[in-house]
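There are two complexes below, and they share chain A, which is joined by chain B in the first and by chain C in the second.
Right, the complex of A and B next:
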């Protein structure tokens, strides 16, 4: 479904991603982990189209997408959320979703919007102003709901659990599992919490200073000395 | 004196409605692209001259010029957009220079074609005055007020209910996030420019019927529209309407109570006061709860 081949991103003299390569299949849940500044969000930005790679190829559904603009990638089925929710001001929750559906999925299907509102527990907020009348948890759910409305095959979730207290986090993880099954989604999730990655993901890749240093099951990568060292500064911590 | 003030208030409201039409064009393109089209006043002026052309050549009512005015302003709007779209760096700043230059070119083109003479409608029907209780207005002013209200209602409907209107609101809210929802911002920006052209065409024709036009008027219209946009704050059509009426009334009152020489100055003072004390404008976006 998604394949990165030797993707390098530079910001001036800074190498933000260095020859990153990995692939993931349909329906897979992949955890993307690494210390702060490792390049996780840059990788998301590169896949979704906010950042252009200097070299390398990005293939989605066997199609090279490295030079496509963001909206074209969204229409191909690539959904993405931001770490800080980005609701559309002056649009209601329902309008946020319908606009995403019409322009992202190319069709207007009110029944599916109602379904997404129900699944994401936003039905009672449907007619509220998205930017001013929702609490953080609701904004996080709206962020995912907007991406779902574009009918994605792959969902990139950037620290979608950040800022949630433990109970809300557990509920959100259960919700992500439900979405994964209900919509047959492939998911890449950026998350710092090792427990979350272990419980949710079948596989994890680890970035450090822009380089991919480990790729395997969560148990394997979190035992990997290079990964331990990247987090603690010492290999035997 | 009271009747004089009443008349000023009424005249200010009528002229303010046309200011609102001009300002909404600037507000729309600013909302969608975060650029200020400094040639917008010249677009309004172009439309006014189309009304002059239709009236002087055919003897028809100047409002019959709206389709021609729209065609001309739409074509020029598309040309301006395509030029802005080619800007690769610092679009907000460079577009100011670009649209200022386009404004100068348009002013001189109008001067070349129509000379520097002052033009206004010759229609007796439009120039006739009617009495509404203790206040008076020209038919053209009342018609312009009604047309402005109808066009603003149409714009409100378009932004609320059409897919492209919603997309304009989405792009103006967050360009990158809207692209991730599948919206092509270039199409949305072009749509916003064309709708701004429609607003300019109606405003220009209305202006021609109720006032006098001459080639140097464009920059003054742009400044007034910019003042109204800042007074209103970003993101509110009713806000732009109210701010435009406020500017119209303030100017009219200044002429009545002080001097016509101070008319422009008072508008700018109002502009500075709002910038100092209410930087989000009188009707700017609400702060997020919590």
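Right, the complex of A and C next:
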């Protein structure tokens, strides 16, 4: 479904991603792990189209998408959330989903909007102003709901669990499992919590200073000395 | 019912004015000019409110619409109704060369479009074999008589302009209420959030620029056939860029009817009161009036009504 081949991103003299390559299949849940500044969000921005790679190829559903604009990638089925929720301003929750559906999925289907509102537990907030009248948890759910409204095949979740307390976090993880089953989604999730990655993902890749340093099951990558060193500064911590 | 009150009040006023002042050529002339500004103000507000772009270059669309219609009707013998349409299309076409400016935002876009506008003024001056240059262009048809209505008369022109302003307001409302309008509303402050769900922001902004240019060109064309004389300094005057901005902000540029009412009120104030008080430099009073309105009601006259009625500053007119 998604394949990155030697993707390199530079910001001036800084190499943000260096020859990153990996692939993932349909329906897979992949954890994207790494210390702060490792390049995780840059990788998401590159896949979704906010950042153009200097070199390398990005293939989605066997199609080269590296030069497609952001909106065109969304229409192909690439949904994403932002680390800091970005609701569409001046719109209600329902309008946020409607815009996402009409432009992302190319059709207006109010029944499906209602379904997504129910699934993401946002139905009671449907007519609230998304930017000013939602709490953090609701904004996080709205991020996912907007992406779902575009009818994605792949969902890129950027620290969607960050800032949630443990109970809310457990509920959100259960919700992500439900979405994965219900909509047959492939998911890439950026997350710092090892326990979350281990429980949710069948596979994890680790970035450090823009380089992919490990790829395997969560158990394998978290035992990998290079990964341990990237987090602790010492290989035998 | 209350929601439609401003529209109903404007409609009643529009119908009452020819009944009361129909015999007064001076007042009807002022109303005709005010409605021309109203059409441009509506087009400017459409671009500013929906497209999120502040333009200082609408004089270009106004002038291109005026010259296109006048030249086609005079030199190609095109019937005036068709030449008006051609004028509007010509203005929309000229906006195509401004599309690269859409990559800019805020003051950079405003300055770029101002520069573009100046280019068209220079072209109109230099292409004297077609436009008459700085000597001016005249001897083109007035508005025609259709179904017994003489649109070249003050009352006829007034009626035509009322209908055209109303039609443009309805088009604006339809766009605003559509999914495109909803996406545009969101784009102003959250462009990445809209693009990431599939909204082609550049395309939607382009459509708004084209539509705004089309409407402005249409009113430029109608104005040309009403006054029957064109010269670059008049047709591309900065007044056609500045007056609509003042009018739209005074009336409430986030509403649909605000720019219309604002244009007529501002124009009448300028011509009847400001000119009487200050024959030279009367525009300074417009500045003071606008500054006062911004201090009292930042969302303009209609924004003030809506805030009081609904407690929401961004409601539709």
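Operating definition for what follows: the second predicted complex is superposed on the first by the 237 of 237 C-alpha atoms of A that agree within 3 Å, B and C clash if a C-alpha of one lies under 4 Å from a C-alpha of the other, contacts with A are read in each partner's own complex, and residues count from 1 in each chain.
Heads up, the rule we're going with is that a contact is a pair of C-beta atoms (placed from the backbone, for glycine too) under 8 Å apart; a residue touches a chain by one contact, two chains touch by 3 or more.
Predicted model, so just to flag it, every value in this text is computed and none were measured.
J.: Superposed on chain A, are chain B and chain C clashing or fitting side by side?
T.: clash
J.: Using the touch definition from the top, say if A:146 reaches chain B (first), chain C (second), both or neither.
T.: It touches chain B and chain C both.
J.: Could you tell me if A:36 is touching chain B, chain C, both of them or neither one (first, second, both, neither)?
T.: In the superposition, A:36 contacts neither chain B nor chain C.
J.: In the overlaid three-chain picture, which partner chain does A:166 touch, first (chain B) or second (chain C), both, or neither?
T.: neither
J.: With the two complexes superposed on chain A, say which partner A:90 touches: chain B (first), chain C (second), both, or neither.
T.: Both partners, chain B and chain C.
J.: Just chain B (first), just chain C (second), both, or neither: which does A:132 touch?
T.: A:132 sits against chain B, while chain C stays out of touch.
J.: Under the contact definition given at the top, report the residues of chain A touching chain B in one complex and chain C in the other.
T.: Of chain A, residues 48, 50, 69-71, 74-75, 79-80, 82, 86-91, 95-96, 98-100, 102-106, 131, 146-147, 149-150 contact chain B in one complex and chain C in the other.
J.: Considering the complex alone, what residue numbers of chain A touch chain B?
T.: So the residues of chain A touching chain B come out as 48-50, 69-71, 74-75, 79-80, 82, 86-91, 95-96, 98-100, 102-106, 131-133, 135, 146-147, 149-150.
J.: Once bound in the complex, which stretches of chain A touch chain C?
T.: 48, 50, 69-72, 74-75, 79-80, 82, 86-91, 95-96, 98-100, 102-106, 108, 131, 146-147, 149-150
J.: Using the touch rule from the top, collect the residues of chain C that touch chain A in their complex.
T.: It is residues 179, 182-183, 185-186, 188-190, 192-201, 314 of chain C that touch chain A.
J.: Touching chain A in the complex: which residues of chain B?
T.: Residue list for chain B touching chain A: 163, 166-167, 169-170, 172-174, 176-185, 235, 285-290.
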